[in-house]
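Worksheet: one structure, shown below.
Think of it as A, B and C in the order they're written, each chain with its own count starting at 1.
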Amino acid sequence: MPGTIEKRLAELGVEIGTPAAPAANYVPTVRTGNLVFISGQVSQDASGLIKGKLGADMSVEDGAKAARSCAIRLIEQMKMATGDLDKVKRVVKLLGMVNSTPDFPDHPKVVNGCSDLLVEVFGDKGRHARSAVGVVNLPFGVAVEVEAIIEVE
Amino acid sequence: MPGTIEKRLAELGVEIGTPAAPAANYVPTVRTGNLVFISGQVSQDASGLIKGKLGADMSVEDGAKAARSCAIRLIEQMKMATGDLDKVKRVVKLLGMVNSTPDFPDHPKVVNGCSDLLVEVFGDKGRHARSAVGVVNLPFGVAVEVEAIIEVE
Amino acid sequence: MPGTIEKRLAELGVEIGTPAAPAANYVPTVRTGNLVFISGQVSQDASGLIKGKLGADMSVEDGAKAARSCAIRLIEQMKMATGDLDKVKRVVKLLGMVNSTPDFPDHPKVVNGCSDLLVEVFGDKGRHARSAVGVVNLPFGVAVEVEAIIEVE
């Protein structure tokens, strides 16, 4: 039986799948006590990696969509780590990193694409502390990468 | 009655106020167990945002002042999260991000503006682990952003 | 008597020493509960700081060696914080920051230099969550900086 959060994902039309294993010597999530640390999730969807540099070749709107894809990847990792998304007690903290030029100033609007989906899905449990900053580049030239800390039951 | 830390702030001539609520779908602080995660605080004072890029249009000294303003913003958030700054048991960790050029090498001197004030205010409880790094830009072009993890009673 | 991890370091030919104290108002590590937060460790070896910018004047292979040196610095800090490396229960999380150009895409390959050594030394306890990202510059122009969170007994 799908839980409350899985039903909410279905209502929102968000499909989650099984994430690919990391290609290197690290793991997607580590639990310590009631905290789960989730590795940085890069922007990607069914078509592959979402690449771009804000301020150069990607609009704020498309950047926010890229950040939304990071939220979906984070939710997939939460599912893998907990087995049941209803066990997510709180999204604690995000670090949202935006591939951007030295002049691009709208990192918060981009990372909102991730924050908004987490609140749509988890409600008040999805409200998190965060930083949203510009980085000179990200792996493979993706547009956005977001790492997270969550609290679980 | 002002507590020990509030008296110390008064001695130092540091005025703290009530921080503005975030404009987006996130919150300034999240507590989990005895840890409080504080969202990235951007450099700003009573005159508004402190903007600049180290290595281009801002001196190290002015960068350190900008970082000091981040410390004041962090202390305001600690007050909001705890109700009483004397409940801050330890400043655990800072991530100090400096808006800088590819050649600027003095991020530690800039972030010291934040670290020094926290130690002046909290004494040994203010001594923290930290990273101080350069980022390609920050929201709205601010000079410095610092996020923090604190331990509370 | 050297413990299991110290023997493993000897087998691998990795020598650890006593790290220099930070030059500023922060500390190398802070413990809270069973977590130890380790300040960002910059790439350096017996010859001094390892400087370079990936995509400009340093190869991926040399970048990975620089990242490996960060792992050694992190292990030194773990030793200082615990007194006995066998008390490290888990390497929980790394944030690997690579000094790189706007076009450099291979941050994961660089940070693998750090991740691989941690897994060689600690085995499954060394498998961590991580993010590997590009930054516009790092203190003193070093090539790589890695901060870590570990769980201890």
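A few notes on this one:
Convention: a residue touches a chain if its C-beta (ideal position, glycine included) is under 8 Å from a C-beta of that chain, and two chains touch if they have at least 3 such contacts.
Since the model is a prediction, treat every value here as computed from it, not as a measurement.
These two copies of the sequence, subunit A and subunit B, are related by a rotation of 120 degrees on CA atoms, to the nearest 5. Subunit A and subunit C touch with mostly distinct residues; of the residue numbers seen at this interface, under half occur in both copies. Separating the centre of subunit A from that of subunit C, both taken as means of CA atoms, is a distance of 25 Å. Among the residues of subunit C, those touching two or more other chains are numbered 33, 95, 101-102, 135-136.
By the touch criterion given at the top, residues 23-30, 32-33, 37-40, 53, 95, 97, 101-102, 135-141, 145, 147 of subunit B touch subunit A in their complex.
Residues 33-35, 90, 92-95, 100-108, 112, 115-116, 118-119, 127-136, 149, 151 of subunit C are the ones that touch subunit A when the two sit in their complex.
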